[in-house]
Every structure is written in C-alpha cells, then in structure tokens.
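Structures follow.
In what follows, chain A forms one complex with chain B and a second complex with chain C.
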Partner chain A sequence: MKRLPLPRPLIESLVTISIGLVAGALLMLLFDYNPVQAYRALFVGAFGSLEDILETLAFATPLMLTALTFAVGVRGGLFNIGAEGQMYLGAIGATFVAGLLPLPPGLHLAAATAAGMLFGALWAVPPALLKAWRGVHEVISTIMCNWIAFYLATYLAINFLAEPGRAERTAPALVTARYPVLTEDASLTAAIFVALAFCLVVYLYLWGTRAGYELRLAGENPDAARYAGVKGGKVILLSFAIGGLAAGLAGATQIIGRPPAWSLYATLGNVITLGFDGIGVALVGRNHPIGGVLAAVLFGALAHGGRFMEYHAGVLSELVRAINGLIVITLAVPELWMLARRRFSR
Partner chain B sequence: MSPQPRVEMRGIHKVYPDGTVALRGVDFRLQQGEIVGLLGENGAGKTTLMKILSGLLRPTRGEIMVDGSLAHFRNPSDALRVGIGMVHQAFNLVPPYTALQNIVLGQEGAGPLASFRTDEPRRRVAALLTETGLEIPLDDPVESMPIGVQQRVEILKTLYRGTSVLILDEPTSALAPVEVHDLSQFLKRLRAGGKSVVFITHKLKEVLELSDRVVVLRNGQVTGEIATVQATPEGLAEMMVGRKVVARVSRAARPPGAPVLVVRDLRAANDQGAPAVKGLSFEVRAGEVFGIAGVEGNGQSELVQALTGLRPPTGGEITLDGTRLLNLNPLELYRRGLGHIPEDKARFGLALNFDLAENSILSRQGERTFLGALGRLNWGRILAYARDLVERFKVLAPNVRTVVRSLSGGNQQRLLVGRELSKQPVVIVAVHPTRGLDIASTVYIRELLMQMRDDGKAVLLISADLDEVVELSDRIAVMYEGVLIGAAKTEEFTREEIGLMMGGITPKGSAYETPASAPAAD
Partner chain C sequence: MRVPGRRALGYLLAGLALAGFSYALERFGLQPISLLEAGLLAMTPLALAAVGECLNEKAGVVNIGLEGILLITAVTGVWFAELFGNGTMGLIGGALTGALIGFALGAISVYGKADQIIAGMGLNIFALGFVPFLLVSLWAFPGIHLFPSELMVPRLITPWGQFSPVTIAAILIAVLAHLLLHHTVLGFRIKAVGEKPEAVDVAGVRVDWLRLFTSTLGGALCGVGGAFLPLGWFGGVVKEISAGRGFIALACVVFAGLEPLLALAAAFLFGFVDGLASAVAVTPGVKERIPFYFVSMLPYATTLVVVALVIGRRRFPRTVGRPYVRE
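Up next is the complex of A and B:
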C-alpha cells in the first residue's frame, strides 16, 4: 500500500497556520483585543475538555465528507462544487426514511443512511452526464443544481416531510433511525465512525484499485489517460458518484446523527453552507481524503472554539469569523497555488 | 550595400532558464527595403532570434542596434516604438470582433469616448489598404474569415502601429498556394515602400521565391548567408542540414521480413479540421526500421496519433499482421502488439506527478499481473516490476516511489521507453525518441531501438532529427505537407537529397506518387 503523502504538507500547514494566527493577532490588536487571551479561549474552548473535543468532532463530521466530495473531484480533474446541493438531497433522503418509514431497529438506521447517500449520488448524476456527453462545464451545472436542490429541498421539507402542526421543521427521525449519542454532554454521535470509515474507504479506493488509479491519472494528465485507454466519461461519472455519496452522507449525518433536532429545519438552517465549507476544508487537506479529516477537525475547532473567543475574550463575533477566515485562507494558499499552477501551466 | 543597416544584432546568445542553449553568438543585419529569409530546421533558433528582435525575449548576451544606436527592448512595445513588429505563427485576434476592431484594438487613443470614434481609424486603415494593395472586408468578424485573410488582418494590425520592420514567423505554413503568391506580391509592395521584412521558414522553395537574401541558422549559429540570386537549393539544404558527427549506432545488414504494419491511403485532419495527412501509404517490415524524416508540422503528429488511436483517421486503412486496426483506442491497439513512444512524453507518456511505480504500469494498469481481487492493485507486483524496469533500462532514480517529475529528461525517457519495450510489442512507433536527451541516453535509446529491430520487431521511427533517421533507418521517407516524398533504402539518398526533400523539393526520379512500395521489395 502506498504510504501517506503527508509529512511535507503537514509541515507546510503548521507554518501557514502560524502565519494565519499572527495575522489574526495583528487584526485583534488593531481592535484593542488581547490576542493571547482570545487564542487561549479558542483553544480551551475547542479542546479544553472531553466534551469540547467531542463537540469539535461533531462539527468536523459533515465537513470531512463534503471536503471529500470536492477532493475526489479534483483528483479526477473536475471542479465539483455541487456538494451543497447533493448534501441537501442527502438530508431529504435521510429525513424521509428516518422520519416517515417505520422499520425495525438496526435496519432502519442503515436504510436511512443509505437513502441519504443514494439521494446525494443521484443528485450528482445530471452534472456528470452533462459533462460526459455534452461537455457542459461542471462548475456551471453544479451551481445550478445547488439552487435547484435548495428550493426542491425546502419545498419537500415544508409540503411533504413537515412535522404535523409545526411548519418550521420536518418530522424528526424515529428513535430507531438515530445514531447513538456518545455522551449526554456533547452532540457527537456514532455517525462520525461512518464518516471516518467512508473517508478511509475512498482513500483505499483511490490509491489501491485500478479504477482509483485511472481516476487519478485522468485528473493528473488527461492526455496520458487517453494514451492509457482510460475512458473519460467513466471517470467523470465515478468521481461525481463518489462525491455525491459523500455529500449525501454528510447531509444524513446532520439529520440522524446530530442532536437535538433530529430533523431538517425548513430554512435548511442546520445544513446550509456545509457543502461550500467543504471546499475550504478540502483545500486545507490538500485534496486528500485523510488530509480532509484532519482539516475538518481544525475547522470544527475553529467553529466550536470560536464561540468561546466571543464568550470569554469578548471578541466580536464578526471579528471571530474574520480571524477564522484569515487562518483558513493562509492554510489553503499552498493547495490553491498548486491548483492554479496546474490550471494555467498548460 | 548601404552603410547603415536598419537593424543590426551582434553576438546574440540565448540560454533559456531550463538550460537549453538556443543561440550561440548570432550576428544578423537587415537593410532598409530588404526582404530576408531566415532559414533553418526545427530548433535552429530562428524564432528565438526574432523574438529577441521584437522585444518578446531578452538576449542572454549580445546587443541590438537600430539605425546605428544601441537599443534595449524590455517588451514588444519598446520594439514597436522603433518600428519593429512581429506577426506570430499563432494569431492574436479576437474572433468575434471585426477586422477593423481587431486592427485598431489597443490603439483607440485616450478618452472615454475614444472607442466610439471609428471614422478616423477607418480612414487610416483604408489608407494602409491602398498602400499595401491588400483587400479585406473590414466589417466582417474575423472568425468568419479564412486563415489567409486573418493573416492579413494580423499583418495590418502590426503595420497600423507604425511598423517599418516586419517579422513574419512561418507566414506560409497555413496558406494555400494561391495565398502564398498573394503574400509574395504584398511583400514586394512593402519593400517598394521602403519597409524591411524578415520571414522565418524552413521551405527552400519559398525562401528562393520571396527573399532578397537568405540567412541560414543551424543549432543556434549562422551557417550561411547568401544573396538569393546566388543561392541554389542544394547549397541551402547543406547549410540547413549540415554534417554533424555523433556517436553512431551500428546497424548490421539483415534481410527484412514480411510486412507487419501496412498503411494504405491514410488520411487525418488536424485540430482545426484541415487535412494534415493526405493519403499516406507505406509498410513497415519485421526486422527493419522505417524512418520518416521531415520538418515538424508537416503532419507527423497527426499521422502518429491516427496510427496509435489518439485521433480518428478520416480515411484509409491500417493493418497489423493482417488484422485491420481502425477506430480502436490506444489500449486495444497495445493489446494487438502496438508499442508507442510518444512525441511529448510529459503530455502523453507519463504522469509527472505520479511516482515511477505508478508510471511503470501506465497503460498496463488493466493487466491481470498487476491486479488482485476486486480490481485492487497488487502493489507488491507493481513495485517489483518497476524495480526491474529501473534496473534493466538503467534509470537513475532514488527509488521507485520517487515522483517522476524530479527525474532528468533522459531518465524519464528511459523509463518510458523501457515500459513500452517491455510490453513485447510487434510494432513500435517511436516519435522523436531522443529529443532533448543527453548523449548517453540518446545512444542508449537508439541502441535499444536497434535491438528491437534485430529481434525482428518492426520499428517506425518518426523524427525531425535527420541524423537519427539516417543512422537508424533501413529505409527512409520524408514527410512534407501531409504526403511522403521518396521512400527508398537509406543508402540510396545523399544528405543533400534528403535536405531538399525536407524543404519540399522532390529529387528527380524518386517515386512521389507511390512511396514505400518498390524500393523495399528489392
């Protein structure tokens, strides 16, 4: 098995994250906040206790999956930014099976998970076919599909899946379709194990199978792929399908793997932007399935710990988001640089 | 000759950042009202020299004098300011804009309303048209025009900027014969108007027709300079091709076997849809190297791609050992015994960001040997195979998990050639197999190809390096503008004859219409 191509990116990331932290500190000094106090609040908030660590991981769970969507796209030479819409559909699929289809325990959970993944994958198929058959650029088609998915999901949530008597959210997942909560004090559920397993499987698939090799070859050098007899359409379809499965699973984890709602808000408020955030996570994680897991934990820490910067150090929430943004941007620079070089070097 | 040249370049050296030496001390002069043909093979340094004169590249050493005073060009605008402008082989036009808009683009003048005032530019362009005798529909979008007319737009664009030294890079490569005639008339009018012209070409006939003086470049040096009236095609060909001495690979005489790869009336189009391969017929026999020489861009790439499944042919027939091969993808062709050493290894043959092991199975990734259950890659076997390739073909690399990008060009090519040869092909199509390689790798790869020939494989060698073709081939043909000129045993040609054919001049008595047939049969 190929060893992880990690060490150098990890060092680069450590350097860039320090640059990001320094830049954030300068920003705070500019607004008369104490950066040391604020960063301590961030760190303690994210990792200070077992509950906080679990909460951080709960934030990380969907992000590692949507990051995977983008990463598998890039590995296959595609700019799939459709994770957002595929994730909405995944949430709808999971909501439907978990909330409205009574099934025996065990089977119910598996079916709800599978439905989420399947819906996500199906939503990824039209852009893939358009690309393979007609050459429609995937950025355009996935953005369009994201909007269609947004309104479709809202429509289905309000008109068909709503909890009777409550318009603001869907029928909650039945108890038989919920991932077990790991401790009462944090919202992390066993869904994270499914997410981690999925990332691992995709990693093994990309580097350990013929189909994964061909997918990476097509992304790395399309001409050499043609020379090697790789069928372009197949790669596009595969890459999108895997991405859709991941995004669908991400949506499902927010419904059947995240207390307290166990349902989809009619505003899509508990899933919205998770797909787009995944792009940043993927860039920080160097478009690698395992790198994405690590990057997702970092994003989770910023999201969960950032709240404590607000509570304990009094940093304005807008500024917290700006600082988080700075850190993310500096972290994404190396991979963005690589992508840009590859795009414009031909 | 007038004492003061319009432009003079002295001792120009150019070393590219990657270490390629393009020019080694070139002197070049251009008088006012003179048409100079700059002649040379691929990689002779013609275009580099002219890019330096037009400010697009900076010389590593050497100086440029314009009208007797020293000039330093930081960019093409600097060169334009003293009246030097270049028309490149690939045009820089905005397809949906009209001819007039394209000509004036960037020269509209200042002010927010500048671009709306088209009457003044129109008058100036119309004056230019009368002066040069060119005719173009000014208000038609450029994309609707044939290439020849687009070229005129491009030339007018340069002249509109006040150019009096016009540089044309391979101006005839895209033109039909009639258009070439028009171009020649046009250049003469420019000359009559006191302008100077340099045109880059590799075609002997055109340089003889169009120029007043010829400067020949070879390998970054001037190898000849002659007034056109005194020039002969033979003399120019020799200056262009030269007699280089390289380490030779010995080629033992050996009777060729039966035809293995047979091509009949093959046709293929280029990316723009224009015919590039115009009915080629030839055959390659077991145990022989059939070499196709020729200046690049005469349809060789399209021929190779049509043969290897990368480009669908538009007509004709290819058979391998009697089986027809048309419209098969590269993988299916390889399974039938076709090995391919592609012309651009970084583009087709290797994935530079993959490691040696991953590259060693490129195009073999579907083979049983390298797979386990459920389509899993058998890394143990792949690594062992990669190590074997590295050892057998003397690839210098830290280990097989090294990224191929970090290897030298010679080692990359050894890996690629090794992979293709170890597939045990029946036919090998080798395209520029030693281009850009160090001498040791060059000799080694040529030896490998000879080894394949001696093992009874059929080798089709396509190369712009004439020495390579002459050295390795049992039989030679020259590709020129999509057809093969004169296929015969290597010994039957002199270098001058091949040089002439590369320049588009068919030697007397050679079989132009039916290449490849008679001579091989003895």
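Up next is the complex of A and C:
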C-alpha cells in the first residue's frame, strides 16, 4: 500500500477536525440552519483576504499559549485545566502594570509582560502544592481556582483598575506598554512573536534539558521515573509553573497586545473561555508546543471566521466551541484509528 | 480509623460547631431556617449528580463531564417542560437527555476504549458552546430564558419550611443507591467489575453491559439534577447556569470515597455553603460589608479546602478510568 507523505499524527488530527466539522453541520441541519452557507462564510471570513489571515493569527496568539499550558501538564502526567483562571490573573497583572504604573518606554512593555506571566504562574501554585502535598486531583483544584479567579479578577478590575468614568472596563494600557500593531487593518500585534518565542523556548526546554526530560519521563512512565530518582513533587511544580507562565502571558497579550480595547472588560468578556479553548487546541496539536502553534492557527481561524458565520448564516459563533468539544471527544477514542486502519489495510 | 469514641467525638464537635454557627448567623440577621431551605435546594443537584457518579466509578468508569450534562439538561429540561406544560415532565426530559449522554459516553468508554478524562472534558467544552447555540435556536434569545412560573416543580410547604419534593427524592435515591451497592447481587457485581473485571467476565457476567448501565444511570440522575436547576430552583435558564456544580459534585464523589451516603453528606455541606453565599448576598447589613465577589467565591473555596483535608485516605476501585480488554 502506498503511504501518504504526511506524518500520521497530522493525518489523524485533520480527520478528527473533519469529523468535528461534519458533526457541527449535522447540528446546524437539526436546527434548520444552512451549513454550506455557514461554513463558506466561516472559511472565507477566516482566510479570504490578507487582513483576515492576520486577524486569524491575532485570534491564534492567546490560544497557542493556553494550549501550551495544557500540553505541558499532559507531558508531565497532569490534567491541568487551570489555564482559564491563570489567564484571568495574567490579564490583571498586565493591566495593573500597563495601565497604572508609568515606566520608561521599553522597560514598561517588558514589565507589563513579565507581570502578566508572574501573576499567571502564582495562580498555578495552589493547585500544584495541593497536588504535591495532599494528592488533590488537579481537575477539581484547577476548576475551583478558575471560579475563584473569575470573581477575584472581576473584583479587582471593577474596584481597583477601572477607568474613571467608564465602569465597563479597566484603565487602558499606556502607549509605552503596548505591543506595536503590525498593520492598520488587523488587530495583530508583535505580541505573536513573543508567544511564538515562548512556545519555542518551552519546546527546547522540554526536549533539550535534563529537567525537561525528567518531566516528560514522569508523564510517560511514572514508575520508570521514580526508579530513575525523578522527584514527583518537583515535576508537578515545574509543569504547573511553566503552564502558569504561558497562561499568564496569554492573558497579558489580550491586554497589551490586542487593539482596540487595550484593557480588560469588567465582564472579562475579552479573555473569557480562551483557557478552555486551549484544551482542544493542545489535543489537536498532540500536546506538542509546536503542534499547538499549528493547531492554534486553525482554531484561530474558526474563532475569527465564526463571527462571519453569525452575520451570514445566523448561526451563533459559539457553535465553534461545540465543534471544538466534539473534536476533543473524537480524539479521545483510539479505537477509531484501529478501526480505520483495519478497514483500509485490507 | 475505626475508633468509635473518636467518631462520636467528631459528631459531637460537628453538632456544637453547627449550633454555634447558627447562633452567629442569627446575630448577623440571617435566618437559619431559610438557610436550611436554600442549602437543601443547592444540595439537590449536587447529590443527584454525585450519587450517580459514585455508582459509575464503582463500576470503573469516570465521567468528568457532569458539568456538561448539568448544563445541557438544564436547557432540555425546560424545553420538555414547556412542551408538555408541566415541570415534572421537564425533570423526566432532563433524565432522558442525561441518560442519552451518559449512554453515549459509556459506549465510547467501553467499546471505544476512550481516554475517559479527555472524553469527559470534551463533553464539557461541547456543552459550553452548544448551550448558547441551543438557547438561541430554541428561543431566539441569547441571554436569560424565563419560563411561566406555573412550570416550576411545586414546593412542599411544611411547618419547618418549604422543600422541593425533588430534594426528598434525592435523599431517597442516595439511600437506595447505598442499599443497591451493598445489599444486592447487582451491587456486588458493580463493585466487582470495578475491582476485577476479568473475574466478572469469567463468571459469565457482561462487563460492558454493567458499565453501560451505571454510566446511563449516572447520566440520568445528573440529568434530573440539571433540569432541577431551572425548574426546581432558579426559575430561568442562562448559559452558565451550572456554574461549576458538576465539578463540585465530583469533589463530593472524591470526598465520599464513592459511598453514596457520604456523597449525600458532602452535597449537603457544599449545598449549605452555596445557600449561605446566596443568603449573605441579599441580606441587608451584611451584603454591604462583604463584597459580593468574595461571597460568590465561598462554595469554590470551601470545596478546595474540604477536598484538601480529607483526600489521600480514600481508596478507589482498581480499574477506575481504565477500559477492560479481554485477554
């Protein structure tokens, strides 16, 4: 049998995405929408012009980072779904430094970015310690921390960071703390280069250093890791810390790297669910930092194109998130591939 | 662990703490009886979801998609209630939808040998997007959907306050689940299939059917809980109606070490805190002093603390979360 010149994970991811899109089309048919019209609007909207492609990349920027949070967790044997809350806190940290602290140009941008990452990492510490000390399952602890973070971030945004006279959002980032906008026609900023660089650094760290190797060993084969003398607690803390930095950076990019708001809405409307979306992105990207970047572009396209789906076919853009969930469910079923292979290899 | 004196002391201390707490609440202007009513309402969906999940995990299947089931069945429950013009039919509709989702998740776990944690999370993400889509598709309105108040499941009015019959049903179901698990052949089989599926298989009992049964039952119970949220408690649906309760129910399951009666107790504890939070948020004199945001954190923070305190001492079935492969 002649084999396609594509690696298997890529083919599997593409097939899963197609299954998700078909299932989404069935949902649309079920509720009397026109899926052809909707998907045409979605894909033309996402890739139809250079501006749209850049806009898709702007949507992909935070997703590659929250995907990294989940991916590093899985690589270390953890199911860290706390990117959502860590991202809220990252947005708060960035808003505080960028909006309220006047600092010299250059330093200001770096400080705001660092504050976002630091706040995200700090919010990852409690579930990490609870896991390491008490064995609390990270699914429960991270979800509880997400909800606490939601109310904490809303409280801080309204009471300490609000723009005077405009209660619906925080004080916007000062001009010295904004990533340069790349073109006038799209909201893509230089923040995407920081996000890409962070993904690359984490990739090099995980695959090129001893600590990274230990983390991956602990995730792949806990018994072997223990035998080799890898400290479980250290791996947990490290994995959560890297994830928190990534999620915090994701939150920061939405504040200091995303026109036109340059601020956090009091409803958290411009960051909400970016953390959860990252889970699907990570899984489609095979929990690999670089795979996550590619998958993020695809999900960025769904997010950006989904808005056109709403205009032209009346289908609520949130259906994209349902498709995301269906893709995740499909990816969870290994038998699907066994079945497909058995059928085709005959 | 098995020291009767220490256990009695524990109950005594808990009772004293509760009495002292009630006294303090009265001083603040909160009525303990209304708190009990609110707490029992909040307990109901948690208990239903947690008891079902206890049985499910005993059989070796994990469903972390409870949150998604609560969210979806809250909407389908209201849809059924409006279709039949009756709140109880809404609960049944919720149970049917929940059973369907539970069955589907069970089938892909048992036959698809799926990673159950990822599949469950996929269900949660699906619900996050599907529910707003459903709200717009069914009622052409993205925000809150209010239904006629006569569709609410009527409350029982007693001298001790108002209670929902669903609450009483939830308590009965927890007791029945306990009896089923520890005093019937089916219960022994459920426990055996979680510990040693190969032995159950050799004995000629279908492993797949048992696991499908518990996951369908778990889904159905969670579905009643989901439909109860709007129809027995809130009186309307919003797209984030479950607000993490599916995960709090999972915390109840962990707290209880898969024992239905302990899960009920945990659901009451978390429900009481939830009720307390809603009561504090509306009580004059208190609500001005404590910001709403901190009150809203209370159920989640309590869950985190309680789970951290009890965990580590619980033992789970040997094959929980793992598919059975015949050798």
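Operating definition for what follows: the second predicted complex is superposed on the first by the 277 of 346 C-alpha atoms of A that agree within 3 Å, B and C clash if a C-alpha of one lies under 4 Å from a C-alpha of the other, contacts with A are read in each partner's own complex, and residues count from 1 in each chain.
Convention: a contact is a pair of C-beta atoms (placed from the backbone, for glycine too) under 8 Å apart; a residue touches a chain by one contact, two chains touch by 3 or more.
Treat the numbers as computed from the prediction; the structure is a model and nothing was measured.
In the superposition on chain A, A:191 contacts neither chain B nor chain C. Between chain B and chain C, the partner in contact with more residues of chain A is C.
In the superposition on chain A, A:221 makes contact with chain B only, not with chain C. With both structures placed on the common chain, the touch criterion links A:334 to chain C but leaves chain B unconnected.
Judged by the touch definition given at the top, the superposed model places A:229 against chain B, while chain C stays out of reach.
When the shared chain is aligned, chain B comes close enough to touch A:210, but chain C does not. No residue of chain A lies at the contact with chain B in one complex and also at the contact with chain C in the other. Within the complex formed with chain A, the residues of chain B that make contact are 308, 310, 329-332, 334, 340, 342, 347-354, 358, 361-363, 365-366, 371, 374-377, 379, 401. For chain C in complex with chain A, the touching residues are 64, 68, 108, 111-119, 121-130, 132-133, 136-137, 142, 243-244, 247, 250-251, 254, 291, 293-294, 296-297, 300-301, 303-304, 307-308, 311-312. Contacts from chain A toward chain C in the complex involve residues 27, 31, 79, 81, 126, 130, 134-137, 139-141, 143-148, 151-152, 154-155, 159, 273, 276-277, 279-280, 283, 315-316, 318-336. Interface residues of chain A facing chain B in the complex, by the touch rule stated above, are 1-3, 208-211, 213-214, 216-217, 220-221, 223-224, 226-229.
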